[in-house]
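Before I ask anything, here is the structure I am working with.
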Amino acid sequence: MRHSYQCPLRWSDMDAFGHVNNVVYLRYLEEARIDFLARAARQTDPEAFTGGTVVARHEIDYLRQLVHQTDPVTVELWVEKLTAASATFAYEIRDPASEGGPYVRARTVVVPYNLREGHLRRLSPVERSFLEGYFDDSHSG
Amino acid sequence: MRHSYQCPLRWSDMDAFGHVNNVVYLRYLEEARIDFLARAARQTDPEAFTGGTVVARHEIDYLRQLVHQTDPVTVELWVEKLTAASATFAYEIRDPASEGGPYVRARTVVVPYNLREGHLRRLSPVERSFLEGYFDDSHSG
Amino acid sequence: MRHSYQCPLRWSDMDAFGHVNNVVYLRYLEEARIDFLARAARQTDPEAFTGGTVVARHEIDYLRQLVHQTDPVTVELWVEKLTAASATFAYEIRDPASEGGPYVRARTVVVPYNLREGHLRRLSPVERSFLEGYFDDSHSG
Amino acid sequence: MRHSYQCPLRWSDMDAFGHVNNVVYLRYLEEARIDFLARAARQTDPEAFTGGTVVARHEIDYLRQLVHQTDPVTVELWVEKLTAASATFAYEIRDPASEGGPYVRARTVVVPYNLREGHLRRLSPVERSFLEGYFDDSHSG
């Protein structure tokens, strides 16, 4: 299953070349992650990820350029890998109509954080179970 | 040889967790690339990269957290790979004093652009020669 | 009549104090102006404001603090004053439920621009007529 | 006396029109205020403004457009008015060479904050004395 987030653009997301700036797509990914971890996951468990998460790594490939538009773009997010203390998310940013292929493909490694005690921590069983529901099965036989 | 750029921070680079936000480091890399391509390269050839470049890919690893400080951070940039129509840059972001290891290690693939005609283009011989001067030899025997 | 724009927040709109940063509200005003001038006005006249507008002045009063939320805030925008070559907009940013009073009251002077010829210009009759429809009459007897 | 802050620009400060965006100048003012309140004032008293300040109002007039440049702009900041619990700063943003008049003139009302107890507070005598040194006397006879 994939998590789908409708991400509104801002006119100021464009740079002096008149396209959405490459750095800004990482804001779209951030918004999708927050929607996934701080809203969707907490419908399963109100305590899930309450101390936040730390980004350990991003990979991002830019496939097509995007100009500001009134309609949101769709960020699809799914879980690619889980370890005891990290989750790897994969994403595609595309038009809601899915025409023309994705603008961006990306991958982020996040580590759950214990904000109160100030250190990284392991995934809780409830968090792990929630995340396992988002392993991508769209290409499976 | 490495290109070294002193990158000033802004207080607003911090997010609600009180650290420099992971997305903002890509701004620091952007500033270092612009200093390298639009200032340093043009001391060699005033026409170098005048049509801009397009980012095709970023990889970034976050190693240590950074809090706003008055002193700039150092972005070291070097060339890792050249093809006919792309350059791969590697970077480290560190304290000028180099204490405590880098905050970030990253890699960007850029493609030169022909702004007037609106398409990607090959590296010119002068650009290639400039970039070859920045292959990293710091670890060579 | 007031123009009403539902403005989505981003988590990164908060600063290190954990509130929406004072500068970011001007982005919300910018989004509302663009929705007003580049979308609503062009439903009246497709040529309206096509060369853009230049901001000549902002005034902004901060009344209440705002924390990131999933729901958008409402930016209400109306026309306070028109001259031959400028429009003064007033705004309030508030919760859709209008509880607790506005977060922000602000005012912006904009000047229409002729992008092709690179100079400021007068309002066209169609633009003026469109804007006159948004003089605020909410407090009139 | 005026406080003078050399503010570095970033390439991304420009918007799709190819000029520094009107909202970004408020970041330059923020950087100047932080340099003034969190660095300069603490050379007088290490406890000055340690709980931060809250912005109550901005006024900003845009006089000339600015394109990204390698050299910083100068933000001159001085104190226009003090009350028991607020300070009004005035600013000009200009080229270091002071040619061509300021890009921006602005004014900000700030209120000192007690971060630990979560409320606004009065200026301390040491803070007041520091600020009084920055009443502008440049136009006095």
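Think of it as A, B, C and D in the order they're written, each chain with its own count starting at 1.
One rule holds in what follows: a contact is a pair of C-beta atoms (placed from the backbone, for glycine too) under 8 Å apart; a residue touches a chain by one contact, two chains touch by 3 or more.
In this text, all values refer to a predicted model and were calculated from it rather than measured experimentally.
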For chain A and chain B, chains touching each: C, D
Rigid-body rotation angle, chain D and chain A, from Cα fit (steps of 5°): 180
Interface residue identity across copies chain B, chain C - same or different by half: same
Chain whose average C-alpha position is farthest from chain B's own: C
Winner on C-beta contact pairs when A-C is weighed against C-D: C-D
Inter-chain centre distance, chain B versus chain C - centres from mean C-alpha coordinates, in Å: 37
For chain A paired with chain C, centre-to-centre distance based on mean C-alpha positions, whole Å: 30
Centre distance in Å when chain C and chain D are each reduced to the mean of their C-alpha atoms: 25
Junction residues of chain B, two or more chains touched: 11-12, 23, 27, 30
Residues of chain A that touch chain C when the two form their complex: 8, 10-12, 27, 30-31, 34-35, 39, 70
Of all residues in chain D, those that touch chain C in their complex: 17, 22-23, 26-27, 30, 52, 54-62, 65, 115
Contact set on chain B toward chain C in their complex: 11-12, 14-16, 18, 21, 23, 68
